[in-house]
Amino acid sequence: MTPSEVRQLLADVQAGRLATEEAFAQLSEPAVGDLGFATLDLHRKERCGFPEVILAQGKTAEWVAGAVRRMAEAGQDCFVTRLSDEQAAHLSAHFPQAVQDRLARTLWLPHKPAGPLVGNVLVVTAGTGDLPVAQEAVVTARVMGVNAELIADVGVAGIHRILRHRDRLAAADVVVVVAGMDGALPSVVGGLVDCPVIACPTSIGYGAAFGGVAALLTMLNSCSAGVCVVNIDAGFKAGYVAALTARRVEKARRG
Amino acid sequence: MTPSEVRQLLADVQAGRLATEEAFAQLSEPAVGDLGFATLDLHRKERCGFPEVILAQGKTAEWVAGAVRRMAEAGQDCFVTRLSDEQAAHLSAHFPQAVQDRLARTLWLPHKPAGPLVGNVLVVTAGTGDLPVAQEAVVTARVMGVNAELIADVGVAGIHRILRHRDRLAAADVVVVVAGMDGALPSVVGGLVDCPVIACPTSIGYGAAFGGVAALLTMLNSCSAGVCVVNIDAGFKAGYVAALTARRVEKARRG
Amino acid sequence: MTPSEVRQLLADVQAGRLATEEAFAQLSEPAVGDLGFATLDLHRKERCGFPEVILAQGKTAEWVAGAVRRMAEAGQDCFVTRLSDEQAAHLSAHFPQAVQDRLARTLWLPHKPAGPLVGNVLVVTAGTGDLPVAQEAVVTARVMGVNAELIADVGVAGIHRILRHRDRLAAADVVVVVAGMDGALPSVVGGLVDCPVIACPTSIGYGAAFGGVAALLTMLNSCSAGVCVVNIDAGFKAGYVAALTARRVEKARRG
Amino acid sequence: MTPSEVRQLLADVQAGRLATEEAFAQLSEPAVGDLGFATLDLHRKERCGFPEVILAQGKTAEWVAGAVRRMAEAGQDCFVTRLSDEQAAHLSAHFPQAVQDRLARTLWLPHKPAGPLVGNVLVVTAGTGDLPVAQEAVVTARVMGVNAELIADVGVAGIHRILRHRDRLAAADVVVVVAGMDGALPSVVGGLVDCPVIACPTSIGYGAAFGGVAALLTMLNSCSAGVCVVNIDAGFKAGYVAALTARRVEKARRG
Amino acid sequence: MTPSEVRQLLADVQAGRLATEEAFAQLSEPAVGDLGFATLDLHRKERCGFPEVILAQGKTAEWVAGAVRRMAEAGQDCFVTRLSDEQAAHLSAHFPQAVQDRLARTLWLPHKPAGPLVGNVLVVTAGTGDLPVAQEAVVTARVMGVNAELIADVGVAGIHRILRHRDRLAAADVVVVVAGMDGALPSVVGGLVDCPVIACPTSIGYGAAFGGVAALLTMLNSCSAGVCVVNIDAGFKAGYVAALTARRVEKARRG
Amino acid sequence: MTPSEVRQLLADVQAGRLATEEAFAQLSEPAVGDLGFATLDLHRKERCGFPEVILAQGKTAEWVAGAVRRMAEAGQDCFVTRLSDEQAAHLSAHFPQAVQDRLARTLWLPHKPAGPLVGNVLVVTAGTGDLPVAQEAVVTARVMGVNAELIADVGVAGIHRILRHRDRLAAADVVVVVAGMDGALPSVVGGLVDCPVIACPTSIGYGAAFGGVAALLTMLNSCSAGVCVVNIDAGFKAGYVAALTARRVEKARRG
Amino acid sequence: MTPSEVRQLLADVQAGRLATEEAFAQLSEPAVGDLGFATLDLHRKERCGFPEVILAQGKTAEWVAGAVRRMAEAGQDCFVTRLSDEQAAHLSAHFPQAVQDRLARTLWLPHKPAGPLVGNVLVVTAGTGDLPVAQEAVVTARVMGVNAELIADVGVAGIHRILRHRDRLAAADVVVVVAGMDGALPSVVGGLVDCPVIACPTSIGYGAAFGGVAALLTMLNSCSAGVCVVNIDAGFKAGYVAALTARRVEKARRG
Amino acid sequence: MTPSEVRQLLADVQAGRLATEEAFAQLSEPAVGDLGFATLDLHRKERCGFPEVILAQGKTAEWVAGAVRRMAEAGQDCFVTRLSDEQAAHLSAHFPQAVQDRLARTLWLPHKPAGPLVGNVLVVTAGTGDLPVAQEAVVTARVMGVNAELIADVGVAGIHRILRHRDRLAAADVVVVVAGMDGALPSVVGGLVDCPVIACPTSIGYGAAFGGVAALLTMLNSCSAGVCVVNIDAGFKAGYVAALTARRVEKARRG
């Protein structure tokens, strides 16, 4: 609530235009969904433009299902990430209408049909093994209402593989680059575009790849200025930031 | 050069409309500024929207000055970051017309006067000690033609300090959050806005802060989905990605 | 034995009021329970206020059972933590009267019924996945005779979730904050209370969470002054230190 | 403001007992001291029991002086830590009435004379080199109104050195143990007392001490249950948590 | 395409000796094999002397099989590394004519019979447990057409074990040294030969071996000047670099 | 062969007292057992006083069995460490006369009956979970002909547990201290004895124990001067160095 | 000495063709230069093709000078690396005829004039700040008798900068790639050539560059197969391995 | 005090043979030297065979001098290590009779003249830069009354340099091996001797030497069984453990 809104409320109370209980409710903290094991943030969409997303990892299948049910009851779109096979099966049985993507390991249970996709996010991977993470980014962008396309396996050891996509790179609002091992691709892509590049390291690799740390460090130290980074294997976050950016551009487009 | 442009060029050569040497020049790699100790990328602005930026750290004052001169001769805006006091003095003597910001440790030598600033970047710091890095982000955004404002020292130990700026947060195209020590502020800001948050860890802190590593890890693991990260103390990169985003939004605004 | 106690003892021996063997026994090291594979500290409760607690992890089920039996024989309350499913089943069969908490992975075999709980420990978690660790803290405090209540899933991405519990925070003797991923919640809580905050990082998270290291570092570097830290996933220790504090406050209350 | 206070306020407004502007002020965020380079939390003492403390490290001497002045103007006690020699000299000149402790590297500028010290904090060091950190803990506790005594250089290589202080250990409300190198002392102390032990690792040592990391890890993994930990060299935090604990005990004592 | 080749092409087009479509094809990016989930670099052999090699780890068996099939269709030799047992079985069924080495975990499906092996690579291991990695190096060199011989288990604890092979060491074009644990062998070998030594650390060892990090660091810090290093367990890379070197020497031999 | 021995040999050859082939054999490198997959050092016992020991970890059961057989054929005592259950079963079937210790995970196949044990090694553990590593040390010392006794679970949280064994500590030639978690025990023991202390960290613990790294660092930074360290979980090495020391003392005792 | 040489020697002794003292000398260990503070390996050139190189870092100027003098006296070429300014001045005074390169921080004091340079090593840097390390590689190769050329500042953010040197890359016997920050350039170069690539990370960068660790990890995990790696800032080693390779190729060329 | 001694004491008290105050004094903790800033362990020599040693690093010159004076007053030999130049000068002025070794950075102020040196410790270094650490080991052994000799710069890159000292190695009671960089020498030495090898890593090296961590890890993972390790640059500890061992052997020799 902004200061002027508070002043108006007080004036309304003083003038008798507003009951104190109603005023109290308006002044109170935003609503939550209290489940004992979880406190769902039912106000998230108003503040951040998208409802709270449920990370399945580290939760029992029952906890995940309980959260999904509560989100649905609150009339919110519900998106779940990092579902294990066991959790996925459990949710399949309880929410047969939900859409699952097994490569991305996601579940999507929208409250109402989405409108047409807008904007233009390009997701690029250095290798084939990076695909699950990239797909998580693609699915995330799409459930947020944004177009996302995927180009796979164009790492720098064959530099012509990415160069042949210069047109598509130039057309994107934002590019997500997903890479494990040496994580070198975002630096090359960053030197080819004038939009933000979101680099997402993956745990693909072995030995001194250290589960994605090598790629993460490469990306943080990118010699290309327009590259920012998300956590290792965080396809969800990469897609989320990309979609936030694309939506803001789209909103400006529409005035 | 796009495929259709190449086809057209060949047709022109075949038809005698284009001399082979001219065609050869068009097919060649973009121009560089070769200084022996440096190969300036004089084509960067066309691809990425801003000329190559010179990182002064690790270079002799002479190397930096040589690069600045070559950029100026090529008719390009020239931006230098991470200037030591010694380098700054050297450049002051050689380029008195350049603008230096000693808090940000930058130099700016534009080729021609800039137009009015556009867009809306908000740079927020958790502490006072984070100011040099934040100022580097602000200056970077401004030389790229983007409005950037600064809110200092609103870390989470006094949570009302950031909450009182909710209006300004909501109005931003993108928010840069600069924090050392626990690096917790971006997670809170990320939960208050619907635009991308670019988190920039700083080396402020001691002991297990490990020169910014603690803050970096906090930010990479942010529980807020819309947070991406740049390198420790990389105010330049934070400002750069923020400005790329704001420019793209602004461009869409103008159609 | 304090110096004045020793002097008194010697005077008693000299005066013939105390037999030398009895004096020798009083001067000797405190008793232990020697099992070959373990040397139970049967004097711990006198020194530290609570008997030795058995960490099941890294022990065979037989070793754990042997230690539990010896503690019981010595007339001591027996608390076991970090029980695997296999160990839990083994102990269930041998000590059916013991209370197990499968979420906390603990076993409690008191020597005699406990009195009413005292004091006021509040255990708060940032996420749902942090619940097993938080429950270990709650159970630990309770077996030590201290009231402990749990608030789950109020991480900083929805800051109003913790702010709505300001009254309960203000009423606590000590607050335990359990968080994985970015570990940012203790810094916010530390800025809201005037009692000690015990931060407990968890291994919840992925990628650069590094099994709880990210949260641990965040907490060690908390910008809130009143925050101290225990080991990753050490719900037991968090609960133990909290209970020690609450007991000491309670003791002072009672004069 | 608690819910019932808000309800009362609204009732007062409705009844005309309270002007809307006055009500608005009461509902607003707590006051801050906005200095441009700093946003001082002038409400900290009300929430946390002690005013915001100024960390001098990473700030210019002018920034520190500006913050001290603003705190003083706001009628708050002002405590500064980690002063460099240069900052100390600058502040000496501007605030001659302030008390500096050069071993602890602190400055104390109270708003009004303090009352008598209460409670009983014992600060113990493993070595002589740990003294500056220990002294920071002692000074912090004292400016917070709590008695703190120091026992120096009683590391475990001569175990009788700490054992001879068993009486003083038993009498403490809370014990702070400061140690570098192997950081083993807190585990021994933790096995001798029934109050919380706050372990503070120091950067004393060489080689694989890794600037205090070895001692930090030792303490986090202490085999004594009642040990919690603060950051490396964080004498301030150790003293702060200890004083919070001692004050709470003292408050209970007084009913 | 080199500049003079481009000039010639344009002259040919101008002179009507070359159709524009043919010229366009020659100017275009090199061919790739686009499979959706992979973009095979079908031009790799022309640039690097050996076709793209498929890393099976992190891919589904179907993805690996699809890539193998596409390589074969393109008339290229196909080499696959780091095959799991499951992938190996799947490929066995689909490509019965391919040669698998289960110790090295490789598959080899040549397009046409290879010529005789040339050059002289010596692969030496410190221990028996290093054999799988060493065998991967041997197989890699051989599929690249280079002789490779293996000497096993001659670590420095019995220094005479390597010294008795001085003749073979002196005769090699390049020596690959594979070692885990202390990784000391390459330093000794490097002091005995005048050819490059490629050191390959393995994850053999325990405790502070840290999965091969100890051996990796030893090798990077070798006191012998002629030692370069590849990733932990990267027998493939060690064999590859060795074969590139041996082929280049052989080529020079043949004039 | 020492220089004077070489001179004598040459004189003997010159004088015709020694055939050249015999002289050649004496000058040659010491014998090895070449198995293709292993090069057993059959000369180790002469140089180091004990035959090569076989580390089973990382080897196939067949490789281990092959090495054991070859050692036996060469008339050498054969000691194997770190046997997995599968390897142990395989060796049981092939070498029924060998002695296995399943807690220590060792196999012992002596060539001839050993003489009486000599010397006095004391192996002490901080916790019960450290027993397997400690037992490996005990068994190692014994197969090397040295007396070794075990005291279990006397960690520093109950300091009287180790203090009651002061007599046994004082009587030892060398003390091995095995500890996980905080690894603090060796520092205390080192302050009680005048013989070398060999500290062996274990991987017992969780969270920031980092698989034994915390204990390792504690021990390397021990404030007791007489403490040296072996690898994490390296009970074998601890026992080996202890036995070497005890044997040397014993040898001196016997003159 | 090879076995057949030993046999011949013994036969000569037996036959009286060789005096025993002479035979003894031939059988003895190779000569060293014993200086008390150093044991120079005067046999290194015979085994490895180049004399022992002196690392100045960590030595007093007097020690370095003493080693240089002894090498010269032994009639060996003398090469010194990592000279500090102070050491350089000291050596300048004592060895005015030696050639120093202050960018590379080397000294070269050949025993006799070198022949013409052979072979073809190409040293490429990603940035200008990498030049000192690259120059050390260039100088090293040249004192070893090998041609080495330098291309500076062609990092991947402007990919055309390296692509325009494809001809020179293709002509090299071996390529050294020197890069700090993201260390991505070797992966691109590795995909363009059919010779070995020696990647040398530098400590250029800041924050999460960790003094070159980021670049080192990138290079170890390069997606290009033909890339091996040397230590951070080890221009000497990179040049040394490159020269060994080029010399071997050259030797084969000459038959 | 052993149990039987306590019994005797009590009997004496009972029988009136011993005054209670005298008995009390005998039962009390051993004496310390309490200086406020230090608690000197004046009983160390009785327990450990050598008085407490003063680590100068991290202390003021006044603190060090105060400790030296107190040790001397107590009639104890006084040994100080890691003296800075400033501390050394301060102590020189106050204790002109003390012996300082500036390479080892030690001070030695014996209470009475030492007897002849006994035993046989051999200290070996891999490089010249390791000399200061090695000298600290040598001096430490000597002040403890043990013969120690030094062999410098015999690293494994010229393996004959150590092999020529086989006789001296075989004659030693214990060998200390000091090495930086790859730290490979202890593994080779460990394979040549039948006595304990104490490996001491040094911080000599650069890049991935990580200040001695690389050498430390190499040594911890030594493939030679008889190698134990001390902290990086801990020449003092290496010499101390070696001397403890040699003294114990010597004592046995003398019966």
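Per-chain numbering from 1; labels A, B, C, D, E, F, G and H assigned in written order.
FYI, contacts are C-beta pairs under 8 Å (C-beta built on N, C-alpha and C of every residue); 3 or more make two chains touch, one makes a residue touch a chain.
Since the model is a prediction, treat every value here as computed from it, not as a measurement.
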*Return the chains common to the contact lists of subunit B and subunit G.*
A, E
*Count of contact steps on the shortest path from subunit C to subunit F*: 1
*On Cα atoms, by how many degrees is subunit D rotated relative to subunit E, nearest 5?*
180
*Name the chain whose C-alpha centroid is most distant from the C-alpha centroid of subunit H.*
A
_Do subunit E and subunit H, two copies of one chain sequence, contact each other through the same residue numbers, with over half in common, or through different ones?_
same
*Would you kindly say which chain has the C-alpha centre located farthest from the C-alpha centre of subunit C?*
G
*Check F-G against B-D and say which one is joined by more contacting C-beta pairs.*
B-D
*How many angstrom between the C-alpha centroids of subunit E and subunit B?*
40
*Can you check how far apart subunit B and subunit H are, centre to centre, with Cα atoms defining each centre and the answer in Å?*
55
*asked:* So the centre of each chain is just the mean of its C-alpha atoms; given that, what is the distance between subunit B and subunit F in Å?
replied: 59
*Do you know which subunit B residues sit against two or more other chains?*
41, 44, 127, 157-158, 163, 190-192, 207-209, 213, 216, 220-221, 225, 231-232
_Going by the touch rule stated at the top, which chains touch which?_
A-B, A-C, A-D, A-E, A-G, B-C, B-D, B-E, B-G, C-D, C-F, C-H, D-F, D-H, E-F, E-G, E-H, F-G, F-H, G-H
*What residues of subunit H sit close enough to touch subunit C in their complex?*
3, 6-7, 10-11, 13-14, 16, 20, 23-24, 27-28
*asked:* Show me the residue ranges of subunit F that touch subunit E in the complex, using the header's touch definition.
replied: 29-30, 32, 36-41, 43-44, 52, 55, 57-59, 63, 67, 82, 201, 203, 211-213, 216, 231-234
_subunit D partner contacts - residues on subunit B that touch it in the complex_ = 127-129, 131, 151-154, 157-158, 160-161, 163-164, 180, 204, 206-209
*Taking the complex as given, what residues does subunit A use to touch subunit B?*
2, 41, 44, 47-50, 53, 166-167, 173-174, 190-196, 198, 216, 220-221, 225-232, 236-238, 240-241, 244-245, 248-250, 252-253, 255
*Within their complex, state which residues of subunit A touch subunit G.*
126-127, 155-159, 163, 181-184, 187-188, 190-192, 205, 207-210, 213-215, 217-225
